[in-house]
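In what follows, chain A forms one complex with chain B and a second complex with chain C.
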Partner chain A sequence: MRCTGRIETRQVEELYINIDPIQAGGRLTSDAMKAIIAYGDGYSVCDHCRKPFRLDFIKTPPVDQFHRELATFLNMDIARVVPGARRGFQAIAGAYVGRGDPVLLTALSHYTEFLAVEAVGGMPLEIAKSTSGHITADAAADKIEEVKSVYGRNPSLLFIDHFDYQFGNEHEVKGVAKVAHQYDIPVLYNGAYSVGILPVDGKELGVDFVVGSGHKSMASPAPSGVLATTSERANEVLRTTASRGDVTGRTFGIKEVEMMGCTLMGVTLMGMMASFPTVRDRVKRWSRELEMGEIVVQALRSIEGTRILSEYPRKHTLTRVDTRESFDIIAQKHKKKGYFLSSALKDRGIVGLIPGATKVWKFNTYGLSERQVQHLADAFVEIAEENGLAVSR
Partner chain B sequence: MVNLVSQRAVDSLFHAFFALTDIRAILRSTAPAHELNESEQERVRVLLEEMGRQLGVLKEELLR
Partner chain C sequence: MRCTGRIETRQVEELYINIDPIQAGGRLTSDAMKAIIAYGDGYSVCDHCRKPFRLDFIKTPPVDQFHRELATFLNMDIARVVPGARRGFQAIAGAYVGRGDPVLLTALSHYTEFLAVEAVGGMPLEIAKSTSGHITADAAADKIEEVKSVYGRNPSLLFIDHFDYQFGNEHEVKGVAKVAHQYDIPVLYNGAYSVGILPVDGKELGVDFVVGSGHKSMASPAPSGVLATTSERANEVLRTTASRGDVTGRTFGIKEVEMMGCTLMGVTLMGMMASFPTVRDRVKRWSRELEMGEIVVQALRSIEGTRILSEYPRKHTLTRVDTRESFDIIAQKHKKKGYFLSSALKDRGIVGLIPGATKVWKFNTYGLSERQVQHLADAFVEIAEENGLAVSR
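Up next is the complex of A and B:
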């Protein structure tokens, strides 16, 4: 079935259980879908934009109120919507990183953090992960000292992911922030896998910036996200333009330079806003999400040769699993080769596993109902048993 | 001055879209088997009735 022309109608979420690790938290609420129907036109939120002509001042729809609520939600002072977490990284890097500046990231940082630093000519340097796959305050302190000794100055910014995209492991954000502040290094908290699915308190964590992803974890269309900061840092990262046209003498009001003026002007913002009441509420049910994830993790662990590579017990619904000694052994002899697993899952109404993956792969159970989680857990066990793998029940 | 006689039709159009969207959400939460429990079936019944009402209004307004 086609939407129109050459565009196939996407029915993945209606027909299947989708365990794609990056898609789970961004699935839209029905409220967001409704807002999208009404606000699909390009500049649809701008109908009632009046002086001073900036997105966060718009009262109808209540964009101004949404900005205040976002800041409160994250326990920060000021928030802005951005076209994806990556654009939040870019804005902050633009404000703090100069050419040749060392900047601390981690061995588990997302590539967009590297690009944000690279874009402004900074030098990305990684804090090593521990043998358990964690970024610790001690490792951050060691790296800062190393940077000082090699480059003769402190890093100009430090990025720390609360939960990384590779393992879904939780890292020592509070400890890392405390160490960084001892060296006067501003701290950017990457909440792409936390903001919108579990409670996040920026002040409690002691970070200068909280960046979240709308399409990854706030049930919003892409590209969308949030950048929140303290009132102390707001004047730096949210500085307003001082430009003046040398021929025309034009000035540009209070547009914010690092935001490139207004950011989300239509369907992305309205999707975020419409989902927000649900998002604000759902973070309170994080422990239930972990319980649901555990059902699937236990099912996988019951299959002989299968190892959970993420920290265990799990603190996130995104999990990395090693099936080289289980499903991959089957793949070597199966007529469908490595595709047998994704194919067997699809036969059971489950998608999201990279076709062909039988060695090391990730899945995410966030947002699935209990029925769906049980179906998923049963599917893994059934596929294992059908292919002669031992299962300890 | 333009007489906005079609406001009722436009409202109905969106009401119908929104009812369908709620049905879409039920399809998502019950995938892949779509075996609806009693309360889900009742919800779909209500939404379909709402759809029917809104389509009736659209016929009244646009096919006069």
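Up next is the complex of A and C:
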């Protein structure tokens, strides 16, 4: 079914159980769907933009209030919306990283952190992960000392992901931030896999910046996200323009340089705003989400040869699995080859596994109902059994 | 009527004739409205993202084809989608402007051009406008020579708006580009008020970059836009990442640094794509749009004391008007003060004039039907006559 002349209607979320690792937290709420219909047009939030002409001052719709609520939600002082978490990284790197500056990321950092540093000419350097797949305060301290001795100065910024995109493991944010602050290094918390799905308290974590993704974890359209910071850091990362036209003498009010002025002028912001009451509420049910994920993890663990590569017990619904000794062995002789697994899942109404993947792959159960999760767990076991893999439950 | 608990349904385009200067070209087409409903969820275009895992390679929906069509549409070699024209400026400034570099803008440049230069530490300098309100090749040459003598080097980049946001005047893009290229200065064409509403031929204009705005002029949701360039410049502004994890040895494929990887992963891109067939067609009807605008301009000119500040005859549907000697005189004694004009317009079903504005203001007739335009023209005349201003038609 086409929705326009050449665009097929997307029905993934309507017709299937979707376990795609990056899509789970970004499904719209029904309120967001209503809001994007009402605010689809380009500059739709600008009808009542008045002096000082900046997005976060708009009162109708209540954009100003939403900004305050976002800051409160993350227990930070001030918040801005940005076109994706990556644009939050870019703004912060723009404010703190100079050409040639060493910057700390981690061995599990998302590629967009590297790009944000590379774009401003900084030098991204990784904090090693432990053998258990964790970024620890000790490893951060070691790396800072190494950088100091090699470069003769401190890193100008440190990125730490609360939960990484590879394993969904939880890292020592609080400890890492404490260490970084002993060296006066500002700390950027990457909450792409946390803000909007589990409780995040920026002050408690002791970080300077909390960055989250609307389309990844806040039930919002892409590209959207949040950058929250402290009063102290706001003057730096949210500095207002000092430009003045040399011929005209024009100045540009209180536009913020790293935000490029206004950021999300329509559908993306309204989607975030409409989903926000639900998002604020749903983070309280994180333990329930973990219980649901556990049902699937247990089913996978019951299949002979299958290993969970993520930390266990799971602290996140995104999980990395190694099925080289189970489903991949089947793939080698199956007539559908590696496609047998995604195909068998799809026959059972399940999508989101990359077609052909039978070696190392990821899935995310976030937002699935108990019935859906049970169906998913049963599907993996059934497919294993049908293909002669031993199952011990 | 609320669309969610606390968000009023926006019905501006359904209930009124909207003459807001920035909103006219960004109203969605009905195809875009259908597409945003189908693709509202966060990462909705990523269902079929396969190696090499980059937005412009996605075949389903046909994102790859759309990228090629965008380049063809602008007569450039290669195109990318970006979160608004300002993010296109930012990418290009990031690639060409170093700290302390002089960069040429114009006396009519949009503030986002200043911010893009300021963010990378460049020095924005304005080319003066002529007494008629135009940016000429001669003025560009003068400014380049001035910069050379003051800074001892050429500007590293030059921005030129085809039509400026203040007057909607057309500037000497082709001549300015020719002059700039004599000094080997790359030229960024700001098509925020042209790409998507009138024909733009980048090669014919001789520019290095064409940047357009989806939400301003391509009937698309915000934030969206396009950056198109030549094969030669693509290697610079669209360079792929050279980052390598120092601990893990990871590399990041063909992600483009200035794009921050992928840009518009869902509703914004799909809105652009769904509107594109209409947009590609509508630019051919630009002369008709100018005729419509002329009806309103004539009506305003017929009102005693009213001056058109934009160039005349009009070459754009965005027009700047001075009514200090007409409507503003009424405002001084009217019981509604300056609000009488916007109020009288609203009584006639017309919105988009900043409430209270009676001195110098802008309007845009883009996309209005002949009947709507006639109603708008009549409304201005009626309001003038009702308030005792002489009208000569």
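Going forward, the second predicted complex is superposed on the first by the 393 of 393 C-alpha atoms of A that agree within 3 Å, B and C clash if a C-alpha of one lies under 4 Å from a C-alpha of the other, contacts with A are read in each partner's own complex, and residues count from 1 in each chain.
Note that a residue touches a chain if its C-beta (ideal position, glycine included) is under 8 Å from a C-beta of that chain, and two chains touch if they have at least 3 such contacts.
Note that the structure is predicted; figures quoted are calculated from it, not measured.
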One more residue to check, A:33. First (chain B), second (chain C), both or neither? both
Which partner does A:350 contact after superposing on A: first (chain B), second (chain C), both, neither? first
Identify the partner contact of A:90: answer first if only chain B is touched, second if only chain C is, both if each is, neither if none is. second
Tell me which partner A:116 touches in the superposition: chain B (first), chain C (second), both or neither. second
Quick check on the superposed pair: does A:263 touch chain B, chain C, both, or neither? Answer first, second, both or neither. second
For A:15, select first, second, both or neither according to whether it touches chain B, chain C, the two together, or no partner. first
Between chain B (first) and chain C (second), which does A:365 come into contact with in this model arrangement: first, second, both, or neither? neither
I'd like to check the shared interface: which positions of chain A are touched by both chain B and chain C across the two complexes? 13, 27, 33-34, 37-38
What residues of chain C sit close enough to touch chain A in their complex? 3-13, 20, 22-23, 25-28, 31-44, 46-47, 50, 60-62, 83-84, 86-87, 89-90, 94, 99, 107, 111-112, 114-120, 124-128, 214-216, 219-223, 241-243, 245-248, 252, 255, 257-258, 260-261, 263-271, 273-274, 277, 351, 354
In their shared complex, at which residues does chain B touch chain A? 14, 17-18, 21-22, 24-25, 27-33
Where on chain A is chain B touching in the complex? 13-17, 27, 29-30, 33-34, 37-38, 348-350, 369, 371-372, 375
